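Both complexes shown next keep chain A, but they swap its partner, so chain B is in the first and chain C is in the second.
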Partner chain A sequence: MENCNMKRGFFFLRDCDHPAHQSCASCGKAFCNEHLRIKPGASAPFCLDCLGKTMQQTNQNKDKKVSTRDDYYDDYYYDTAWCYGYRSNYYTSGSYKPWYFGTVDADGSEFNDQDIRVFEPSAEIEDPDAEAFDPDANVFDS
Partner chain B sequence: MKFLGAISKYQKLSPEQRSFIGNAQRKFCSTPAELLEFFKPMAVYDKSCDEARAQLLNFVILCGVLSFLGLIAIGVLSEDMPMVIPIVGIIFLMIFPALILRWRLGRVDIHNNLREFVVPMVNLIGQDTAAEQKINLELDLSGKKLEGKLRTRTKDDPGWLAYPKTTTSIYDDPWFRMTTDLVDGSKLMLTIDDQITTIDRTYKSISGKIKSKSKAKVKHMIRASLALKHKKYAIASQNDLQSFGHELKLKDGANRQVFCLKQTVKTDDIDAFVDPQLCVALLGRIFMNVQPAGQKGS
Partner chain C sequence: MLAPKSLYAAFDTYPAPKGAAVHIREFAQTLFVQTGSGLLLVLGDEALPSWQIEGSMQIRRLASNEPNYLKRAMQFGEFVYAHAEMLRNDLQIAHFRDPWSGIPLLDVKERQYKTVYEVNALPSIELPTRYASISGRTCDKIRTLEQRCWQEADRIVCPSQVIKNCLVELGANADKITVIPNGARLVDPAQINIPADAPGEYLIYFGAAQNWQGIEVLFKAMTFLRDMPELKLVLCVSGSKPRLKYLQKLAWRLGIEQQLIWHLKVSQAIVSDWLAGAAISVAPLIECSRNLTQGCCPIKIVESMAMAKPVIASDLPVVRELLEHNHTGWLIRPDRPSELARAIRILLAHPEERRKIGENAQKKAAKSFTWEASAAALATIYQQLIT
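Right after this comes the complex of A and B.
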C-alpha cells in the first residue's frame, strides 16, 4: 500500500509514515486520514496542504479583522490544518527554507532541493547525554 | 443574539476549562494534541464571548438613542398616542439587563492572547515535536495591571490644590513560557514578558476645570532560545552570525550551543495580542543561519 504523501512539520519536514487511504480532490495525491479533511460544500476530501492554501487565500481576500471569521474558519484556525496553510505562506514569503529529514524525490514531491535543505543522515548521531536545557542559561539574563 | 451562543459554548466547557478561565494561571506539561484539545473549546468560546459583548454594547447604545428620541416623541405625541410612553419605557428598561449580561460575560472572558497567540504557537511548535513529546507551558493571562505584578509606583504630587499630579506605575507580566524538545534534538524555550507603564495625570485645564487622563504603554519582550546539539549542528561563532547584530546572544556548553534572539514590540493597547509570526520569525532566523555538523566538518 502506498504511503501518505504529506510532509509533516514546520521548521523540519519529514515524511508521514502512515498508509494512504484516499486521494485529495484537488492535487490527486494519496494521503492518510490524518492529513485529509472535508471542506464545507464539498463531499470529497482535500489534503491539508490544498485546504490550507485555499483557506489562507480566502482569509486574505476577506477583511482581516478577527470578527469576520466564520464558524468553519474558527474550527480550521484552531486545528492542526491551519499550520499547513500558514507554512505554505511562510515558505513562499522567502524568509525560510525548511530542513528535510529524508531524500528528495524529484517526481512526486511539491518540494524540490531549491525549497528545502536536506539534513545529512551522517550528522544524526544519537546523543543521550546531551546537556539538558538549563533555564538559567538564558544568556539575556547574564 | 450572539450572547446565547456564547452562554451555550461556556456551558459546554469542562469544569477544568472553566476554572482556567476563572484564574487564567496554570502550568501545563502535556503533548501538543492534549494542549490543543484543552484550549480549542476555550478559544472558540472566547471569540464568541467577545462578539456577544460587542453586540450587547451596540444594543445598549441603540436603546439609549431610541430612549432619548422616545422622550422627545412623548412630549410631542403622548396626548394623541398614549402607547408611546410604555414603549419608550420598555426600551429604556432593556438597557439594564443588557448591561448586566455584558458585565457577566466580561467576568468569564479571557485575554485574546490565548486564542490568537497561545493556540497557534502550540499548534506550530507541535508540528516539530514527536507525537508523545510533552510541552512545558506556563501561562498567566490573569491580568496585566494586578497589584501583585506592580514593580514600581512613583507619585509626583506638588501638594494640595497644586497641579499637575502624576502617578507612574510599572508592572511586570511574564505571561508566557514554553519549553520543549524538537524532532532534531534541539531544546526550545520561548518566553514573553510584558512591561506595562501607566501614567495617570490630573491637571487643571485653561478653563480652570480639574481633569484626569490615563495612558498605558505595553512593551512585549519576546525571547526565543534554541539549544542546538554540537553533534547535529556546526558550532557557530559570533563572526558567522554577524547579520544578527547585537540581538543574538550565544552561549557554548559541552554538548550544545545556545542561541538566544530577542525582539521588543511596543504598543499603546493593553489588550493587544502578540502575533505568533514574531516568534516564528525569530526561530526561523536561527534555523536559517545554522549548518548541519557534517557540512561544516566540525
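Right after this comes the complex of A and C.
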C-alpha cells in the first residue's frame, strides 16, 4: 500500500508514515485521512498543502476592507491548513531551504522510512532483552 | 544577557561519565574564552536543566524522549538550527562535533559566523557497529552529510593522525585539518584517596562500553587469570542498558563474575579515585574499521598516562600515536585474550617495571597530552578565524 505523500515538519521535513487513503483532487497525489480535507461544497478531498496554498493566495488577493471569511471554512480546516500554506509561503518567499529527510532523492542523500526504521532501539546489536530507551547512551566517544 | 558570540554543538549528553563529555567541556570552554561568551547546545535528560547559565556561558539541552536514534538526531538538528538562525548575526564561530549539528549550522543563510568541524568519529562508520541492519545505502546517505560538513566547514580538527588520514582519503582538504590530541590533567596518585572498599590488587577498565573497546577480549583474558583469585578487574563503565546487561551476562557465562567489580556511570572524580589505586589500566581496543580506518584518541589511555599508571593496550596505529611499547606502555596484539592475560601477568610480576613505565608515561603526557596544550592549539585556530 502506498504511504501518504505529505511531508511533516517545518525546518526539517520527513515523510508521513501513515498509509494513504485517497488522492488529492488538485495535485493527484495520495494522502492519509489526517492530511486530507473536503472543501465546503466540494465532493473530492484536497490535501493540506494544496488547501494551504489556495488559502494563502486567496488571502493575498482579497480586499482587506471587506471581510470574506467564511465561518464554516475557518472552523473546519482553517487552522490546520493555514500552517501548510504558511510553510509553502515561507519556503518560496524567503531564503530558507528545508533540510529534507523524506523520500529517497536522485542523489540518494536523503533519508526515507527504511533508513529511519533501522535506528529503532529494538534494532540495536546485542539487544535480546531490550529495555527502555537510555538517553545516556551514545556511540560517540573519543 | 548579551547574545553569545560563539556556539558549540554536540549531539551528546553533557555532562556524562565518559571521555566525550570531558572533551566537550575542555573545547567548549576554550571557544567561549576566546570569544568572550558562548552557547553550548547538547542533549539532556529529566535530571539536567534545559537552560543553565554559568558566567558567560549558557548551556541549552534538548531533553528528547524520542527512542529512534535518527529521529532524535533530526530533532537535535532543528534545535540547533533554531538557535543558530536566531544568532546568525551575533555569532563569530560555530563549532560542531557531528553532522547532525553541522548540517543545520551550515544551512543557516546569510550567516556571519565561521565554522569548525571537530571530527572524533564518523557516524557512517560507527553506527553500523551499533545497529546491525543499517544498509550500505543508509551509510552512504550519512556519509553525504559528513562530506558536506568537511567540505564546507572553514576548519577541521581531529584528535589523531589516523582520523586525519581517513578524512584525507575520503576527500577532505588536508590543509584545513589540524590534529589536536586529547589531553588530561597531570595527577599525582599519592594525592588521591583510593576508595576504602578497593581490593588489594586490581586492574581497571574505564570509559564507554561499545563493542570496539574490546571489553569482551578483556573478559576472556580474565578467564586465564583464575589462578589469581585475589586479582580483581574494576569496570567504571557507561553505556546503554542493553549493552551493559549483555556484558554482565557474558561475565556470568564465562564464570568471572567474582573477579569483577562494576561501577556503572560513575562521575569523573570516582573514576579518578579508582584509577589511582589500580595496578594496571587496560585498553584492549579491537581490530575493526572504527579503530583502524576511522581512528580515535582514547582518553582512557591519556588519563592513565597523566596519572602515571601503566597501560596495557592493543598494538594499533591509534595507540602507537600515544604509547611506545615497554617504555611508556605495554602493547599487545589486538583480539588475543591469552596474550593480554600474559601481559597482565608479566607486569603484575614486575612492580618496578610497572612503576618505570608509569613514570615515563606521565612525562610523555606532560610533554604532549595536556588540555592546556590542546586548548592553546585550538585557540590559535579560533584566532585565525576571527581575525
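The rule we apply is simple: the second predicted complex is superposed on the first by the 90 of 142 C-alpha atoms of A that agree within 3 Å, B and C clash if a C-alpha of one lies under 4 Å from a C-alpha of the other, contacts with A are read in each partner's own complex, and residues count from 1 in each chain.
Operating definition for what follows: a contact is a pair of C-beta atoms (placed from the backbone, for glycine too) under 8 Å apart; a residue touches a chain by one contact, two chains touch by 3 or more.
Given the structure is predicted, the values throughout are model-derived calculations rather than measurements.
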Where does A:41 make contact in the superposed view: on chain B (first), on chain C (second), on both, or on neither? neither
Between chain B (first) and chain C (second), which does A:116 come into contact with in this model arrangement: first, second, both, or neither? second
Does the superposition put A:14 against chain B (first), chain C (second), both, or neither? both
Chain A residues touched by both chain B and chain C? 9, 11-12, 14, 95-97, 99, 101, 119-120, 123-125, 127, 129-135, 137-140, 142
Touching residues of chain A toward chain B in the complex: what are they? 8-12, 14, 66-67, 69, 74-75, 77-80, 82-83, 86-87, 90, 95-97, 99, 101, 119-120, 122-125, 127, 129-135, 137-140, 142
Footprint of chain A on chain C - complex, ascending: 11-13, 16, 18-20, 23, 43-45, 63-65, 67-71, 74, 77-78, 81-82, 97-98, 103-104, 107, 109-110, 120-121, 123, 126-127, 129-135, 137-138, 140-141, 144-145, 159, 182, 207-208, 210-211, 238-243, 245-246, 265, 296-299
Mind listing the chain A positions that touch chain C in their complex? 9, 11-12, 14, 95-97, 99, 101, 107-111, 114-116, 118-121, 123-142
Report the residues of chain B in contact with chain A in the complex, numbered from low to high. 36, 39-40, 43-44, 47, 50-51, 54, 112, 115-116, 119-120, 123-128, 179, 182-185, 187, 189, 191, 223, 225, 227, 229, 231-233, 249-251, 253-256, 258, 260, 262, 280-281, 283-284, 287-288, 292-295
